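Two complexes, one shared chain (chain A), two partners (chain B, chain C).
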Partner chain A sequence: MRRIYTNHLLCSGCRACSVACSVVHFGVADDARGAIQILRDPIAGFEYQALCRICEDPECVAACMAVALSIDRETGRVLFDRDRCIGCAMCVMVCPHHAIVPDRRAGKAIICDQCDGREVPACVTACSTGAIEFIEVEEEAGVKR
Partner chain B sequence: MPQSPITHYAIVGAGTAGVTAAEAIREVDPSGEILLINGEQFPPYCRPLIVEVLKGERTFDQIHLRDADWYKEKKISLLNGDPATKLNTTEQTLELASGNTVRWDKLLVTPGSKPAFPRIDGLEDVPVFTLYRQEDVERLKPRCKPGAKAVLVGIGLIGLQAMSALREMGVDVVAVELQKKVLPLILDAKAAKYARQRIEESGVEVQLMTSIKKTWAANGLKHPYKALTSGGEEIMFDFLVVSTGMKPDFSLLEGTGIQTKRGIKVSGDMQTSVPNVYAAGDVTEYHDWTEGRSDVHGHWVNAYRQGRVAGLSMAGAKPVPYDPVYLNSLNIFGLPVITMGSSRVDRPKNAQVHVSDVPSRFAYTRMVLRDGKLVGATFVNDVNRAGVFQYLMREKVDIGDVVKSLFNREFLGMEFLYNHHEKAIRGDVEWPVSMDLIERYEKDQSHTRWGAKEKEQGNKK
Partner chain C sequence: MKNSLGIMRSRAAIVDLTDGSVRYEDTPPEVVRSYLGGRGLNVAYLHRMLPPDVDPLSPANVLIIGTGALTGTGAPNSGRFNATTKSAETNRLGDANCGGFFAPKLRYSGIDRLIITGRARRPVLLRIEDGRVGIEDARSYWGMDIYEIDTALKRDMGASSEAITIGPAGENLVRFASIMTGVKNAAGRGGTGAVMGSKNLKAIVAAGGGGLDIADPDGLVELNEKLKHYLTDSTIVKVLGRVGTPLLYEVSNYLGTIRTRNSQDSQFEDTLNAEVIHEHVEKMIACHSCVVHCRHRNVYKGEGPEYTTVGLLGANLGISDTADVIRLNNLVNRLGLDCASTGGILSWAIELYQRGIIDDSITGGPIEFGDYDLAVRLINSVATRDGFGDILAESSQAADKLNDPERNYLTAIKGLPQSDPHDCRYIKAFALGIATASRGADHLRSRPTLEVFDLPSELLREIYGADVDRDPTSYLTKEIVVATHENIYSIVDSVGICKFICHGFNSPKLLKYEHFSQLLEKAFGASFSVDELKAIARRIVDLERAFINREGVRRPDDTLPRRYFEEPLPHGVAKGHRVEREKFFEMLDRYYRLRQWDEEGVVPEERVAELVAPWSGEEREAR
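After this line comes the complex of A and B, so read on.
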C-alpha cells in the first residue's frame, strides 16, 4: 500500500495542499476543510503537517460512536462512512495527530481518504516544494509504529 | 499445536463493550463458541445515537452497531430479547429469562448502567421518561409535539441530549439542576456559564440549585400535570424527563462473590475478583489518575477499549491494559465542547490552571497541570486541537515548560509534537535536501508569470 509522508523542512506553509484537498472533496477552495492541515509555529519557522498517519490501533475508530470509522484490515487505512457520521467530534477529541478536522458547516468529520479513486492524492500533486510524498510502503519495513 | 477443546464464551450485554469483546475474541480464537446475550429485543445498536432517532434524523435501522451479516460471518451467536437472570459462578452457568441455562468457560459481564431516579413525591402519578434505551425513545416520541411542555430533571450529558432533541421538535423545556452549574460532572464554572448561556438562548428555561419536590395530576389545565420546585414555584407540564445520572447495574451479580464498590472491581486485564469472569464497560470501576481516585465513568471510548482488552485476554492474548481517561465531546446547541480528565474541578489542589478566554467568540480553553503533566482540559468552541492534548495527557508528557505556547492559536510547540510522531510523519523516505529543489525554481527569466510550460513541467514532476 502507499502512504503519504511529509517533511517539515521542505514545507513552506502555503496550504496549497489543504486547498487542493477541499477542492477535490467538496468543490470549494477552503483550506479549513482540507483533510491535511498546516499548523505554523511562526517563531521557530516550523510547519506541522497534520493528516491521517494511519495508526496501527487507531484511537478514532475506538471513539466513533456512530461506527462511521472502521479499519481496512488489508491496508491498515481508516475508512470513513460519511453518511453514518453524526459530527459528534469524538474522533477529533482522540486523534493524536490533529488529523481529523470537524467540518462545522456540514456537521461531519473530515479525514484523509488518500483521495480514493485518484492515482496520486491531490495534496501531493499540489505541493510545489515536494514536501509531501506518496510512496509505497512494505509492511515488513518497520514503518508501522 | 495440540488440539484444544472448544472454549465457550458468554457475553452478557450487547452494548459496545460486549460487541467489541466478541470481535476481539474472534480475532484470537477462531474456533471458540461465542454467545452474545442481548437483553433487548432490538439487535445491538449505538446507544448514544438514540437521540438522533428521537429527533427523527435517523431510524433504528441506521444505528446498528454491526450489520446482521457480520454476526454470521464472525460466527457469533446473538441472542436478542432474552436477558440473563441468574449467574452461578461456581458451576459456571447462566440462567436466561426464557428458562434456558447456558454453560460458559469464560464470561464477560457488560450490563452497563441504569438510570438513577430522584426522590420525588407523586412521581408515579405523572408520565416519566428516561432517555437510555431504544424503548424509551419509542415511548417518548409520540409525546414530543410542538407546544408540549416538558420538565427535565438534571442537566447532565443525557439531559443535554434530551433537551436539544426536545427543542428541535418544538417542545418547551424547563430544566432543573440540583448543582450550581450545568453539566456539573464535566464542566468547570466558566465553561458551564457559556454552556448555560447557549442552552438558554435556545429557549430552555434553566433553574440551577433547584430540585422537584412533588408532582401531581392537575386536570383541566393547558398542561395536565404540575410540579413543585424546591424554590416554591409550580410548573405545569405534559411529561417529565429524568436524567439525574446513571448507576451501575449490579442486578445479575447478587450472591456471586464478584466484588463491587461503586462499580465492579477489575484488574488490568478486566478480570473480576472471580476467576474466568470478566467485566467491561460502564459498569466497571477504575482508578482515575487525573483525579486520583477510583470512580465509575460511563463513556464510549472506555467501553470500547475495555471491551477489546477483555475480549483479547479472555481468548488468551496478552493485551496492553487500557489506562482510561474520562473524555467527553458534547454539542451544546451548536457549541462544540470537549473535556478530558479532571475538568470539572473549579479549584484543583496542587495544580496550576491555565486559561485562555475570548468571550466574544465563545472560545474558552482551560488546562489543569499537576507536576507539569496535563490532568484536565476543557475546550469550548475551539476544539480542533483537543486530540493532541488528549495524547499528551494519556502519555503523561511533561508539558510544564511549553504549556503557555501550546495555548497560542498558531500553536507554538508543534515541533514538540512533531518529535513525538516523527517516524509516522517522515517515514523512511529519502527526502531531498532543499538545495535539490533549486532546479525547479530556475525559470526562464523572460517569463513574467506562470505559463503553460511550467504547468506542464510541474505535472511531469
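After this line comes the complex of A and C, so read on.
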C-alpha cells in the first residue's frame, strides 16, 4: 500500500501541490482549496506541508457530529462522505496537523483522499523538489528506522 | 475573428480613490485576443486611459496591477503580475513584473486586473475578496516598513491573505520606490511604489474567493507535470535552483564586464561569487508554482540577494564583504527601494564627489566607494528623504542638483538607471537591447543571454529564423536578435510566467510560444495559435513604443550612457571594447526598419490606429 509522505526540508513553498489538488478535485485553481496546504512564513522562515497524516486514532472522526468521517479499517485512511458534511468545522479545529481545510464557499470540509482513482496523487505529480512522495508504507518504515 | 477565449476570465476593477468609487468590467474579448493579459493588457489600458504629459505623482496618473493570462493556473512559474503606470522615475513608461504569491491570490479572489486612479484623502488599503474591492482605512499601517506591514496584514487580514505593499520609500515618494510583496519580491523598476504612495495607497490585500475555473482539469495537471519534467531536467534550471542568479556575477566578472565603482572599472572581488554567497543562505525557496526555486533565504533575516543586487550594491559601490552586501539587500527590501536604481544613483553621486563635481556642501560630508556604513546611511536617508538623501531620491532627475546636467557619469537610459550589473560595452546586442527597452535601461525587456553561449549557426538560424552573426562583439544582425527576444519576453510577461523558464533568456530550450499556446488551451479552452501569439508580441512592443512616443521619446533617447561610447573596458576578455557610435546608430536604424517604425523611432499613425482598434468593438456595444 502506498501513501503520500512529505518532507518540509525539501519544500520550496511554491504551492503547486495545492493548486493541482484543487484543479483535479473541483475543476478550479485555488490553492486555498487544496487538501494539502503549504504553511509558509517568510519572516519566521519556514515552509511546511499540512495534509492528512492518517492518524491511528483520528480526532477528526471522533469530532464529526454528522458522521461524515469514518475510518477505512483496511487502509487506516479517513474516509469523507461530502454529502453528509454539514460544514461545522469541528474536524478543522481538532486536527492536530492543520490538515483539514474549510471550504467556506461550499460550506464543506476538504480532506485528502489520496487521490483515489489516480495512479499518482495530483500533489505528487505537481511537486518539483521531491518534497512530496507517494511510496510504499513498508518502504517508508524501512527508510525511517 | 473566431471567438475562442474559452472560459478565460479577464475581469477588471477600476478604482477611483478620489471619490471612493469602484467599477467592474470584463475586458472586451477583442482586446483580450489582441493583448492577452499581464503586461500586454496593462499597456493597452494605460495607453487608452492616460492622456500625455500627466505628472506621474498626481492623482491623474493611472496605476494598473494586472495578472498574466496563465497566472494562478499552476502552470510552471505562473505566479506573476505587472505593475504598469507612468513612471515617477522616468516620466515615461513605468512597467515592472513581479513574482511571489500575490498575483495568483488576486485571481483566486475574483479580480484579474486592478486599475487605480485618483488619490485618497488619507492612507488607505484595498481589500479584494469574492470579486469585490473594498477601500479601507490604513492609517495604522502608514510608516511601517515592508517586513512590518507584511506581518501586520497577515495578522489582521488572515494568514492566507497575500498583499502588495509599499514601505517608507514609497510613502516618501522616492522616485525609485518599489511595490513589494512578501519580504523580497519587487515590482522594482520605474518608481511604481512612489506612484502608489502618491495615491495614499499603502497596500492591496487579496483575501480569497471562488478561484479560477479550469476547462480541462486533468489535461492541465498532466501538461504541467510534463513541463515540470522538461524544465527540471534542464541544466540551467538545476543550477539556478541551487545558487540562483548570482551565478551570473562570475560570468560577467570573468568577461571583465561587471560594473564596478560606477562603471569606472569592470572587474571585482571573488567574494561575491555565487558559491561564496551560498555560505550565507539557509534554503532555496520559490514563488508560486515555481519549478526553479531560485530565491535565497539568507541567514540575516531576509531573502536574496539576486545578481542585480550583488552587482549594484556590491561591485558598483565597491563593497566586497559578502555579508555586508546581503545586509544592504535586506535593507533596500525593508525600505521598499529598487536595488538597481539605489546602487546606480549612489555610485553616480560617489563618483561625482570623487571627481570634485560635487562637494561636502551638498553631500554633508565625504562619500566614497567601499564604505558599507556610508551606504547604509545614504540608503536610509534616501528612503526618508533626509538631507542629501532627498536629492538622491530624485534619481536621474537630480542631475542638475548634482552638477551633472548631461548625466555624463550616470549609467542610465531614458532616465532609468541600468539594472543589469553587466557592462554593455562588450556584447553589442545587450547594448542595443537596453537602448531600445521601452522602460529605459533595462535588461529584462530583451536580454539575449544566448550571445555568450557560442551556439552553432544552425541552432541560431532555428531560433532567430535568419542567419545571425555568432560574434557577440559584432554589430551586424543584432537587431534581429534583440527584436526576437523582446517579442517572446512580452508574451511571457503577458501570460504571467517567469523569464527563467522562457526560451532564450538563459537557455536555447525551455518554454516557447507553442508551450504557452498549449497551456492556454488546457487551462481555459482558449485557442491562441503560435502565429497569433507572435502577432500579440509585436502589438505589445509597438503599443509600448507608441505610449513613450506620445510622451516625447524619439531617436535621441535610444542611446547609451556616454561612457559606453567613449571609454574602452579595462579588463578581461572584454578589455579594449567599447561601443562605436556610428555602428551603434546604424544598428539602431536597422532595428527601426525591422520594427517598421520611422527613422525617428516613431510608430506610424496607421499602425497606432490598428493597435487601438480592438477597443472600438466595445464602444459600439456601449453605444
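Keep this in mind: the second predicted complex is superposed on the first by the 137 of 145 C-alpha atoms of A that agree within 3 Å, B and C clash if a C-alpha of one lies under 4 Å from a C-alpha of the other, contacts with A are read in each partner's own complex, and residues count from 1 in each chain.
Just so it is clear, a contact is a pair of C-beta atoms (placed from the backbone, for glycine too) under 8 Å apart; a residue touches a chain by one contact, two chains touch by 3 or more.
All values reported here derive from a predicted model rather than from experimental measurement.
Looking at the shared chain after the overlay, A:V78 reaches neither chain B nor chain C. Contacts of A:L69 after superposition: neither chain B nor chain C is touched. In the overlay built on the shared chain, the residue A:G13 is in contact with chain C alone; chain B does not reach it.
Once chain A of one complex is fitted onto chain A of the other, the partner contacts of A:S22 are limited to chain C, with no touch recorded for chain B. After overlaying the two complexes on the shared chain, residue contacts for A:A109 are found with neither chain B nor chain C.
By the touch criterion defined above, A:I132 lies against neither chain B nor chain C after alignment on the C-alpha atoms of chain A. Contacts of A:Y48 after superposition: chain B is touched, whereas chain C is not reached. When the shared chain is aligned, chain C comes close enough to touch A:R33, but chain B does not.
Put chain B and chain C next to each other and count what each touches on chain A; the higher total goes to B.
Applying the stated touch rule to the two superposed structures, the overlap between the chain B and chain C interfaces on chain A comprises residues 9, 39, 41-43, 47, 125, 128-129. For chain A in complex with chain B, the residues that touch the partner chain are 3, 5-10, 39-44, 46-49, 53-55, 59, 62-63, 65-67, 84, 86-102, 104, 125, 128-130, 133, 135, 137, 141-143, 145. Chain C meets chain A in the complex at residues 72-74, 76, 79, 101, 104-105, 108, 147, 150-151, 154, 159-160, 182-184, 208-214, 217-218, 220-222, 224-225, 228, 231-232, 282-291, 293, 297, 301, 303, 523. Chain A contributes residues 9, 12-16, 19-20, 22-24, 26-33, 39, 41-43, 45, 47, 105, 122, 125-126, 128-129 to its touches with chain C in the complex.
Looking at the complex, you find that chain B touches chain A at residues 16, 46, 48-49, 52, 62-63, 65-66, 300-301, 304-305, 308, 327, 329, 331, 336, 338, 340, 383-388, 390-391, 410-415, 417-418, 420-421, 423-429, 431-432, 434, 437, 440, 458-459, 461.
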